[in-house]
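Each of the two complexes below includes chain A, the first together with chain B, the second together with chain C.
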Partner chain A sequence: MTNYIRIIDTDLAVHVLEHLPTPVMAVNREMELVFLNEAGLKHIGRSWEEVKGKPCKDILQSRHCGTSECKMRQVMDGGQVATVRNEMKINGRTVPVEYTAAALKDQDGTIVGGVEYIIDITERVRQEKKLQEQSKTIREISTPAIKLWDRMVILPVVGVVDSQRAQQMMSAMLQKIMATAAKVIILDIQGVAAMDTAVANHLIKIAKATKLMGCRCIISGITPAVAETLVQLGIELTDIDTNSTLQDSLFDAFSLLDLTVTPKGSKQ
Partner chain B sequence: MKQYSSVSALGSYTISDCLIVPVAPEAEVEELQRLHREILELVAETGAKGVLVNLSSVNILSSYSFTTLREILRGVSLLGATGVLVGLRPGVVAAWVDRDLDFSEMHTARTMEDALALVTTRREKQEADAKQA
Partner chain C sequence: MQNRLKTLHFELTDPFDNVQVVICCKRFLKDLGFGEAQQYLIASAVSELSTNIIRYAGKGTISIGTTYRNGTVGFVVAARDDGPGIPDLKKAMAENYSSGKGLGLGLPSVKRIMDEFEIHSTPGQGTRVTAIKWLE
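Moving on to the complex of A and B:
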């Protein structure tokens, strides 16, 4: 390491460091600022004379400052070089950053301070948030509980049912039953890609939960293949009303609600 | 048959042959056990045909509470009345289902109206069965 510094022109090295577009900071063992490059000064909007020798926590005002989480403190105590996320306060504005801290050693290897560089990750955090929102939207789209009639809710299930999805379906459904005081819920599994023991168990769980909510659960859209699988797997759906078509389920649901559908003009 | 319209110490009262029992939001097992005793005494005393336990304000119910509630319903059924849990909240239901508790013999209803209707239909069915026998 020392060899390189001897070969490289020190003035040039400082010049390069000064013009690095990323804030680079060095502190001594007392956590007092001994170096901050131009990008760093620009970042906090102060001149070097103002900040020289000041404790770094007064200047950065980050969430880690003064806590045991401070990586600078950790590397100075012999910890590993690490990159972590943090938040800095600049002119009253909170900026998400990522910083990497390393110990500064002298020729004998004694730790004399620390150096760190800080990267502004505002854009990345924004992207992540967007992604989270999008996946939340997709999750919500995939578990729509629709009020079909007064006190009747339908939950169409399409695609793959894993335990996480089943959990979402369950909570979406229970909330909907609660909100609409539903008496009947139709679980349409026509679009379920594959039926196995796990999926069947999820469905049974959902049916049990609806019963506890004081609501009847009708499963519709059981295809011949699904019926065959269920029988072969030895799964009993005795407590649950099942139908092959949504139409039949709808009819059952109407009769449970003491309603009948008649053609217009016919006399009852 | 004696009609009990006065509200008891634990806040339960009788309407059209049904004992309505409210459960406080942060009810613990001890309170449910107190309720247990009172409910059975009141059912025996008033000859109520239904017991509607209103759980619509209870957010958390432990497995012990669940067992107590099941005992209440069993006791009520032994006295010839129908016990119904009314307005169970999603959180409670999800927790119970996750713990794989057995609630096959429990009657539940979403609203008080549904519960009353349930008690009435069961009573009519019982009477019809009795006539046939």
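Moving on to the complex of A and C:
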């Protein structure tokens, strides 16, 4: 085995840390500042002489400072290196940040302090918010209740149903029943990606609510896979009319409304 | 295709996260060779686990992957959360028991759908579920 002796040019190392374009901070066991690089000083807008040896919580004033959430404290007590989110006040503005803390050890392996670097994640948080907004929009536009015929409404359900979406489906459906004086609704679940007990529960609730409004509910799109899953889940849809295809459901819906579809020309 | 069958991890924090789990799970099962009805059935069981995490623990993880035994390939799902845990596991595994919000069919049906099912839950610490479905 080769013994590598790393000769570190301490001046260079400090120079590198100083110029790292993100705050790097080190504290002793008493949580007093022993190092803060240029980017860090610039963030808090103070000079090294002003902050040297001060408790880091007084300097950084982040949400974790002085609480049990402080990762610096945790790694010094023997915790794992950790990266967590936090919020910091920078020039009077609250900025979302992420910091990674690790213990500082001497040559014998005794923990003498801690080091952390802080990254501004404003842009990432903004992107996440945008994504959340988009998800919400998709959710909202994915529950259309459509008037199919006089007194007939259809609600095609596609994708994955969660409780929030089920709630939207329910209100969209009930409002449409009210607005159109519908007597029959078709809930087409052919496009539902999976049927767990929560989804089944929501469908049963929707069917029950429509019934209370004097409307018949037909659940369509019970494919072999859906049927098998419902049986395996032990769910009974006894009071609800079901069909495998939308065509059959439509036929039943017309029957319920005393309507028949006849080919053109076959009058009478 | 081999690449695709690597273990997938999902962080769950929002009900909408279940979409990703279900869709990816079905694709994974398809690549593994499960038939359409089986894909739907197993994805439903996975959805049950993921819904449970979001509903009771608020957050947690779902991992899906493959396992091999005696030349047979299996689909394995692991659900873990650090939530409140299940106080009475025996009761929760009994048919028609529910702690309130569901139909009370959840966990037993996952057990029924999957070939192997293992659950560990410590009140105040969280729940771990591992289940396997062998490809026949």
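In this section, the second predicted complex is superposed on the first by the 144 of 268 C-alpha atoms of A that agree within 3 Å, B and C clash if a C-alpha of one lies under 4 Å from a C-alpha of the other, contacts with A are read in each partner's own complex, and residues count from 1 in each chain.
In the analysis below, contacts are C-beta pairs under 8 Å (C-beta built on N, C-alpha and C of every residue); 3 or more make two chains touch, one makes a residue touch a chain.
On a predicted model such as this, the values are computed, not experimentally measured, just so you know.
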Check your understanding: So, does A:Asp162 touch the first partner chain B, the second partner chain C, both, or neither?
Key -> second
Practice item. Identify the partner contact of A:Asp239: answer first if only chain B is touched, second if only chain C is, both if each is, neither if none is. Key: first
Revision key, fill the gap. Partner touching more residues of chain A, chain B vs chain C, is chain C
Review point. Does the superposition put A:Lys211 against chain B (first), chain C (second), both, or neither?
Key: first
Review point. Regarding the shared-chain residue A:Glu228, is it in contact with chain B (first), chain C (second), both, or neither?
Key: second
Exercise for review: Applying the touch criterion given at the start, work out whether A:Val81 contacts chain B, chain C, both or neither, answering first, second, both or neither.
Suggested key: neither
Point to revise | Partner chain(s) touched by A:Ala200 [first = chain B, second = chain C, both, neither] | key: second
Check your understanding: Can you list the residues of chain A that touch chain B in one structure and chain C in the other?
Key -> none
Practice item. Could you pull out which chain A residues touch chain B in their complex? Key: 170-171, 174-175, 177-178, 181-183, 205, 208-209, 211-215, 239
Exercise for review: Write out the stretch or stretches of chain C touching chain A in their complex.
Suggested key: 14-16, 18-19, 22-23, 25-26, 36-37, 39-41, 43-48, 51, 54-55, 95, 102-103, 105-106, 108-109, 112-113
Practice item. Would you pull the chain A residues touching chain C in the complex into a rising list? Key: 132, 135, 139, 159-160, 162-164, 193-201, 223-226, 228-229, 232-235
Point to revise | chain B residues within the chain A interface of the complex | key: 85-90, 93-94, 96-97, 103-104, 106, 108-111, 114-115
